[in-house]
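Each in structure tokens, the structures are laid out below.
Consider the two complexes below, in which chain A is the common component and chain B and chain C are the respective partners.
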Partner chain A sequence: MSLICEKIVKTYSGKDVLQSVSLELQEGKIYGLIGRNGAGKTTLLSVLTAQNPASSGSVTLDGMPVWENRRALEKLCFSRELNANAESGLAAMKVKEYLRIAATYYEGWDKEMEGRLLNLFHLEVKKKLGKLSKGMLSMVTIIVALCSKSPYTFLDEPVAGLDVVAREQFYKLLLEEYAATGRTFVISTHIIEEAANVLEDVIILHEGKILIQGNTQAFVDSARYVSGKAEDVDAAVKDLEVHHTDIIGRSKGVTVFLKPGQTVDESYDVSVQTVNLQQAFVALCGEEAQQ
Partner chain B sequence: MNGRLTEQKSIYLQIGEMIETDILRGILLEEEQVPSTNELAKLYTINPATAAKGVNLLVDEGILYKRRGIGMFVSKGARDKILSKRREAFAENHIAPMVAEAKSLDITKEKLVTMIEEKYI
Partner chain C sequence: MRRNLRFWSRYTWESMEAELIAMGAFVLISAVSSDPLWTKGMSGQSGWTDYLALAPFYLIVAAVICIMILGPGSQTLYIPLLISNGEPRKNIFWGYQFHRLLLVAATSVIAGLTWLLIPSEISDACLSCLPMIVTGLVICSSAGNLLGSAYVKWKWFGMVAMVLFFGVCGGLGGWLVSTGGLKIPAVSLLTLGLTTIIPSWQMAALAAALLAVDLGVQWLLLRRREVKF
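Let's turn to the complex of A and B:
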């Protein structure tokens, strides 16, 4: 099974939020979707799960279009960020009512797991959504995502507002469920480093375009931080893809992304360091913040 | 298996090294089963594919072996294998950086040898 989107374009009031996005999501992997605010992450997730039509392009699950296709939609769950303000109409709804409605959407809803997670997160089912904190609302979206048992489950910012213990708890629950079922998960997050080791593949979305899609470790391993005297650094990284230049006096630091077979020329007097996923992401997507 | 992961090295290499260290310390004995990749994944909050990569590295080196349908076990002679592997890598991993640092500080070879003798009690 695989979920494929081809040349997705989504236009909101004349602006292309997604610009020809093509992706293949294979069964049985945990994907991370990372990108800056406004990169188009939530729009992409909602188009992939047919909650929002694309302006052009196609989304198919095993060759069948997902739009208004019950057989495909049964296999997809998009647990979006909950906004329990007055306009959304959710403020007055109780947690248990919200979960009861969610359960009717998914054939395989796991009632036993619902109870277990409510306990684990100390969520009061009689509380109204409007009375929950940001972190508690995230817990509700996590419960929906995990209990849906959908083969393809999409979580938009599941750890937003959660404290560090709850975030760790979430990743452990996710890994436990993944080990038991092999479901596919796609998770968007801004807390990149905590998720990095959990994500088998990473998708980097920047200004509506996909910059990177592939194995997380391979991407991180391709990046290096090279620093030293400016002319030595320039010579050592000649012909390489250079991003994110820092200059202080005579000293210079750059992040480079190596293509297969490429290396930094260490015969020059430079320091070469590995970087983590967050640093590689900032080097790729944070350039305008430097100016 | 209770070390902490660091950022300096690929996670799968660290998983392999932690299993090796447990074998060296006698925490894991020869012919004993090692934790499953799912257990390792949950313990370290890492993707099971990463944990599997680390374990398979040791299988390739003959330090662990697979019993079909049961799991991974520590091979006979694993401890000696790890010892000789680490001894071989010792000069490259530990002595070479020390000598490089000593040279950049103008510490002579003789002085360095004396310093080692003072520490090696």
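Let's turn to the complex of A and C:
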């Protein structure tokens, strides 16, 4: 089973928020969807799960169109980041009512797990969503995502507002669920380094385009930070894909992404360091720094 | 579709609870503010008979208010919530119509049964105009829903329309209370008067037209609806 989107374009007020995005999500993986604010992450997840219509392009699950197709939709769950403002009416809804509606619509809803997670997160079901903190709202979205038991589960900023203990609990729960069921999870997050260990594949979205989709470790392994005197650095990284240049006086640092078979020429007087996922992401999507 | 019907049935039941609570409040207000003499009877029978025969009138007033409020509420909250739970839009559309139908039917059946079980001059008059009452409820349901659609599509226009509409309704309600219009004798006169004043075919035509516009607008909006919580 795989979820495929082809040439997705989503336009808001004449601006292409998603620009011909094509993607294949295979079964049994944990994907990380990362990108800067406004990159189009939530829009992409909304389109993939038919919560919002695409301006053009197609989304299929096992060859079936997802749009208005109950058979495909029941295999998907997008637990979106909740914004319980008065305008949406969610603020007045109680936690138990929100969960009851989700339980009605997800056929595989795990009631036992719902109770267990409510206890773990110390969530009061009689509280209104509008009275919950940002972190508690994230807990509600995590409960919906995990208890839905949907083969493809999408989480939008699931750890937003969570303290470090709750974040650790979430990653542990996610890995337990993944090990037990082999469900596919797609997680959009800004807390990249923390999530890096659980993300098997990474998708980097930048200004509505996919820059990278592939194995997280392979992506991180391909990146190097090269620093030294500007002329040495320039010579060492000649012919390599250079991103994110830091210039401090006469010193220079660049991040390079190596293709198979490529290496940094270390015969020059430069320092070559490995980078982590967050640094690699910043190198790809960040602005260049110059002092 | 089964779970969809389950959701909308439950939502209708919760709406009916709100309706019955509002009816109780109206009955209480009218009983407290009425002249105690009315209990001696208006139609030569026990005053309590007239009183009970008028209770469905208050239920219908409560239904009108609830139905008008539920239209915008459902469109801004429940419909996007169900989309986000992976329900196809066409199922949501039909489920919502089922909820509206159920609400109007339940209100009409409760009112009709009450009038059947409590024979009086008022009950007879009300029973004879039950089709008109049902038509009136359909008009309110469509109007409330159109207000909701306007709010979803053109937020500020919809908001102004709702403030104006509910403001006028509130003002009218306040005026009725302050002038004794909610007292039992006044209500009974109003109820009896309604049966003779308004020709039902005009209401039926208005109801059909409003319903057609409402369904068309709602489907057009729902087809391209975006979830934005």
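The criterion applied here is as follows: the second predicted complex is superposed on the first by the 287 of 291 C-alpha atoms of A that agree within 3 Å, B and C clash if a C-alpha of one lies under 4 Å from a C-alpha of the other, contacts with A are read in each partner's own complex, and residues count from 1 in each chain.
We take it that contacts are C-beta pairs under 8 Å (C-beta built on N, C-alpha and C of every residue); 3 or more make two chains touch, one makes a residue touch a chain.
Bear in mind the structure is a predicted one, so any value in this text is a computation, not a measurement.
In the superposition on chain A, contact of A:49 is made with chain C only, not with chain B. Shared-chain residue A:65: touches no atom of chain B or chain C. In the superposition on chain A, contact is made by A:199 with chain B only, not with chain C.
Set against each other, chain B and chain C touch different numbers of residues in chain A, with C touching more.
In the superposition on chain A, contact of A:274 is made with chain B only, not with chain C.
In the superposition on chain A, A:176 makes contact with chain B only, not with chain C. Residues 30, 168, 171-172, 175-176, 178-179, 197-200, 216-217, 221, 274, 276 of chain A are the ones that touch chain B when the two sit in their complex.
Per the touch definition, chain C reaches chain A in the complex via residues 3, 6-7, 73, 76-77, 80-91, 223-224, 226-229. Those residues of chain B that touch chain A in the complex are listed here as 5, 7-8, 10-12, 38, 41-42, 44-50.
Only residues 46, 49-53, 68-70, 73-74, 76-78, 80-84, 87-90, 93, 101-102, 104-107, 150 of chain A touch chain C when the two sit together in their complex.
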